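Shared between the two complexes below is chain A, which pairs with chain B and chain C, respectively.
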Partner chain A sequence: MSFIFSLVAVTVLVLVPLVGVTVADLRWLFGVVVPYAAVATFLIGVSYRVLKWSNSPVPFRIPTTCGQAKGLPWIKTNKLDNPCSLPAVIGRMFLEVFLFRSLFRNTRMEYHQGPKVRYGSSKWLWLFGLLFHYSFLVVLIRHLRFFTEPVPMWVQIVEHIDTFFEMGLPLPGPDGLYVGLPLLAQSGVILLAAATLLFLRRVVIAQVRYISIAGDWFPLLLIIFIAKTGIIMRYVLKVDVVTVKKLTMSLVALKPELPADPISFMFYIHIFLVSFLFAYFPFSKLMHLGGVWLSPTRNLVNNSREKRHINPWNPEVKFHTYAEYEDDFREQMIEAGIPVEKEA
Partner chain B sequence: MATQTPKPQEIAKGLSHQPPSENWMDTKPEFRSGMYCHPVKVASLEGMGGAFAREWNPTEADWKLPADWKGIVKDGLKDRLRRFRSFQVFMDICVRCGACADKCHFFIGTGDPKNMPVLRAELIRSIYRGEFRTAGKILGKLAGGRKLTEEVIKEWFYYFFQCTECRRCSVFCPYGIDTAEITIIAREILNLLGLQIDWIGTPVNACYHVGNHLGLKPHTFKENIEYLLGDIEENVGITIEPSFNRKGAEILFVTPSGDVFADPGIFTCMSYLILFEYLGLDYTWSTYASEGGNFGFFTSNETMKRLNYKMYAESKRLGVKWILGGECGHMWRVVHQYMDTMNGPADHLEVPRSPITGTVFENAKSTKMVHVTEFTADLIKNGKLNLDKSRNDHYTVTWHDSCNTSRGFGFLEEPRYVLRNVVNNFYEMPDQTIREQTFCCGSGSGLNAGENLEQRFRGGLPRANAVQFVHEKHGVNMLANICAIDRAALKPLMDYWVPAVNVCGLSELVANALVIPGEKAARSTNLRGEEINDLREEAGLEPIEWPEEDEEGGEAGEEGEE
Partner chain C sequence: MKIYDKPVIVIGVLIFLAIFAFPLWTALGTTPPQPKVELPKDMKECVAPTEYMKSSHMQLLNEWRDSVVRDGNRVWVSHTGKQYNMSLTNECLRCHNEKSKFCDQCHNYVGVVPFCWDCHTYPKEAK
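Moving on, here comes the complex of A and B:
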């Protein structure tokens, strides 16, 4: 159900700009208003959520320790899985955020009659996840070309590396000369492939399908459609990049202006889907991008025996004092020869 | 009750991990005997000032919830979202990748999809979305949101008392989402409605008013230990006179009270007594702070603080320099990650220094509390213990890492170092079942009751199965650990799944190996009163030729192999 709902939702999101631009000629709305509104929603929403999280207290120091703690000096500490200092936490967070350390541990439980419970290595989720996120990052960086003039060197470098395996198949150009295909960016293809694999995994693995809600299907489908429309624009429709850049640069300059030359409807679909993704981001699970940095089981030093951690709301509670205890049991204590504060 | 527990093969055959076809929001838990714990007694809840104490029964339709239960739950959730960054972040960022799904011992042992950690958290997350977030309010089930109903509360009670807060899922989660944290908060909220289980509520009340979970009054506590002293005298031949509530002792010793009461915990307790006597340690027991374990941890943060208070308060009253803690799992999570924050700073104490080796425990310089195993490891490292490992040769040992000391502390090598110095035969279980990936005994977080045996045996299946693996491969016959709940829970678990394997605390193996001045020439029986030569014969070892006994040794000699 939630999958069908998500598929319908994404389809509607494709049809809205298609109809809007081709039938109603709402190019200003889809080319200018929507992108601005989306970016504003993204910035305000993400800041709000992250500030809300970071302003909420961390009452206890609760790292999940995944290795040997710092203890007796002759016992070797596993600093990265059980950080005993700030640099070690930074190391742990780096591995977590950039290399998905915890996901790398993943195992697969196999149940056999007997009973025999066995555990196999399972790195697929880690691999798909890593490919997905890094190709997405490269795609984002490549798109900075549309928002900068001159294009910064580092963006060009990323682009150069990304198109390293050039697939310049010779094709006849409009004037009869042979021209190459636009350089094939691996990132776009990998993004589409990895998102598709993550999607298939969600469909095929019964338990994962069972737990999936619209909030899981929808962003995956949205991203798959974004990648597809991007690839279609680049390789099939060969949308005029120069015209697109005129529009995007005018957006950056806060002097929005629709270029005189027409831009393909596919561009409007693409930018609408991207806008929707941006606007949807702060309200969704995609906020794991911000949350992963703030997870108290990962980003705290495991030194709570060495250094006192302060709970800002440490509650006032009623204690049962020793005096009350002795009052309850004084006679028995004396009889049993246990020292008391007050003789009976 | 226990009589209805299915046979191991019945559980094994019926296990499937395939989820049903209907949506999880449309299924309800079945309160089947053996799979849930009894509600808390009215007197216990009232003793702690708990709200809405009443007689109720989970199998009946009417749970007699307070009139404004919905408001209480919603306010309770909001309040905790505000106070705990963990809870707020964990509600918001799960991507339901499913990495945690097959990591939970209860999921492995029951196949119940709501025991997948992700779904256990979704039980609350769905309410968070359906009641507090716009998309969930409008789209409902489609967006994974649902409304708060009595059925939801019943489901929470069933599944949040079917989680042992072991944190294994948290190790594998790419965002470190910790179901223990969610369960802790869920139980706090259930508490607001007076919904608590008796195996937690009654020990909590006893601990608060009497001093320990078992409700052993001061004289009884002392008598119990004196009873152990009698056994030590008989089996080891040394006389020990420990002190209670003694002012001016250097060290206060606190251990879970289960160790002064039940087999096999008592053998661990006897071992502490022997070790401290051997060292001539200037320490005292306390009848007031006679509980290391903290079942408050399984009810609410406030209750945990109320119970834990006694350790520092008593150390101050007695004027000791520092605190030594016995073998316990969740006690050490509380001591390590909560105590100083809640009840510190412990400025009345000194940075712990071993009076035997001079080692200063810098790692505990704020809490001023040292684990008996690191204390022992330091003794061994400094050559202060005369150990004869061969005295444990009839044991082939494997090591069970307790959840709390592994994933809430990182106490992995200290016990292994001690173990290697006191036994010759030690084999690890498979890598995916030890250290930070260790499996729970299935009875942690207050679920070690008598009425939920099936639940416990199912939850303990992954642990038991790993023991079975090394039992078959290496002939392991002893499962050692540093946790009182493990000692109590693993024994029936082994009897159920791997009957040939016994359970002991690490300190027991230390005491077995310890060559004690003044000990009986023939320590022909161990602390358990078992004939060592019988055990050696079972293990295929040559019997030991004991020297001639004098006086009291005669009794043991009569039954011994001649």
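Moving on, here comes the complex of A and C:
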């Protein structure tokens, strides 16, 4: 149900700019207004949510650790998994944010010889998650060629590495497969493949399908459609890249201007889907972009043994210690034959 | 007693904004430069419709190469029925004879570096 809803939603998102540009000629709306609004929503929304999270107090350490804490000198500590210092925490965060270490620990439960439960390591999710995120990053970096002039050296280097094989995308041509120009950028294909696999994972594995909601299907489908329109635009229904860049450069210079030459409707579909992704971002699970940095179980030094963390808003508790109690009732206690710690 | 990590998070958000807005603060206030493509003066049409050439000339070149190298066919009949010799250096650059004022203008603008010139030559240009 939630899947059908997401599929319909994405289809509508494809049709809106298609009709809007080809029938109603709303090029200004889809080429300028929507992208600006989307990026503004993205920047403000993401900042707002992260700053709101920053209002959550963190009085205590949350030591969900995966390794031996620092203890006696002859016990080997696991610094990265149970960090007791800032550099070690930075190390753990690095592994988490850049290599998805938690996902690497993913296990799969299965029945083994009848009712015996066995947990096996399951790295597929990690692998495709990593491929997906890094190819997405490369795709984003390559797109900087539309937003910078001159194109920075490092963007060109990334592009150069990304087209390393110096071959085109194999497409059906008049005589067999046609492997042409422009050069195939691996990242785009890997992005689409990995997103498709993450999508199929939700379809094929019954348990994952059961817990999938629209908020899971929709972003995946949206990203798949974005990748598809991008690939179509680069290799098949070519668009006039120079004119596109004239538009995008006018956007970043904050002097928006529709170029005189026409731009293919494919471009408007692509940019509308991307705009929607940006605008949708702060309201969705995609906020894990900011959230992963703030994982309390990952980014806190586990020094509860060395340092006492007192919750500052603990109510003040009135103590009446045993020593005071004995002072109050010493005579009566001695009279009744109850042992006391301090004789009168 | 530190119970909020606010300062660190604010710095993080600022870094995020700075990185994300990177194209903005490099382009802000500037007039976007445009490629200055010099079209051949004495001719009116290209080997295919201009619209198609603008977006798909690399695919056309690829077609030409396949046709020449694989099939030995060097004759291209254009949309207006004219015949051309399928050749990168001898045909494209016969009309567009200054590579730096034509091909390179667009390519530098969008940051593509065709590797064709590793092997193919282009006419010498007066500097």
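Quick note on the criterion: the second predicted complex is superposed on the first by the 295 of 344 C-alpha atoms of A that agree within 3 Å, B and C clash if a C-alpha of one lies under 4 Å from a C-alpha of the other, contacts with A are read in each partner's own complex, and residues count from 1 in each chain.
Definition applied: contacts are C-beta pairs under 8 Å (C-beta built on N, C-alpha and C of every residue); 3 or more make two chains touch, one makes a residue touch a chain.
Predicted model, so just to flag it, every value in this text is computed and none were measured.
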> First (chain B), second (chain C), both or neither: which does A:81 touch?
Replying inline: first
>> According to the stated criteria, A:59 is in contact with first (chain B), second (chain C), both, or neither; which is it?
In response: both
> Is A:12 touching the first partner chain B, the second partner chain C, both, or neither of them?
Replying inline: neither
>> Quick check on the superposed pair: does A:310 touch chain B, chain C, both, or neither? Answer first, second, both or neither.
In response: both
> In the superposed arrangement, does A:204 touch chain B (first), chain C (second), both or neither?
Replying inline: neither
>> Quick one: is A:1 in contact with chain B, with chain C, with both, or with neither? Answer first, second, both or neither.
In response: first
>> If we overlay the two complexes on their shared chain A, which of chain B and chain C does A:51 touch? Say first, second, both or neither.
In response: second
> Touch check for A:147: first (chain B), second (chain C), both, or neither?
Replying inline: second
> Just chain B (first), just chain C (second), both, or neither: which does A:294 touch?
Replying inline: both
> Can you list the residues of chain A that touch chain B in one structure and chain C in the other?
Replying inline: 53-54, 56-59, 290, 294, 310-311
> Across the complex, what residues on chain C touch chain A?
Replying inline: 1, 3-6, 9-10, 12-13, 16-17, 20-24, 26-35, 51, 54-56, 58-59, 61-63, 66, 106, 108-113, 115
>> Using the touch definition from the top, list the residues of chain B that touch chain A in their complex.
In response: 8, 11-13, 15, 17-19, 23-24, 49, 81-86, 88-90, 92-99, 101-103, 108, 113, 116, 118-119, 122, 133-135, 139, 141-144, 167, 170-178, 181, 208-209, 211, 217-219, 222-223, 244-247, 287-288, 301-302, 305-306, 309-310, 313-314, 317, 335-338, 340-342, 344-345, 359, 362-367, 369, 374, 377-378, 381, 406-414, 417, 430, 432-433, 435-437, 461-462, 465-466
>> Going by the contact rule set out above, which residues of chain A touch chain B in the complex?
In response: 1-2, 5, 49, 52-54, 56-62, 64-72, 74-76, 78, 81-82, 96, 100, 102-103, 105-109, 111, 113-117, 119, 125, 129, 205-208, 210-216, 283, 285, 287-288, 290-292, 294-298, 302, 304-311, 313-315, 317-322, 325-326, 328-329, 332-333, 335-339
> Can you list the chain A residues touching chain C in their complex?
Replying inline: 43, 46-47, 50-51, 53-59, 144-151, 155-156, 159-160, 166, 168, 178, 180-182, 238-243, 245-246, 249-250, 252-255, 261, 264, 290, 293-294, 310-312
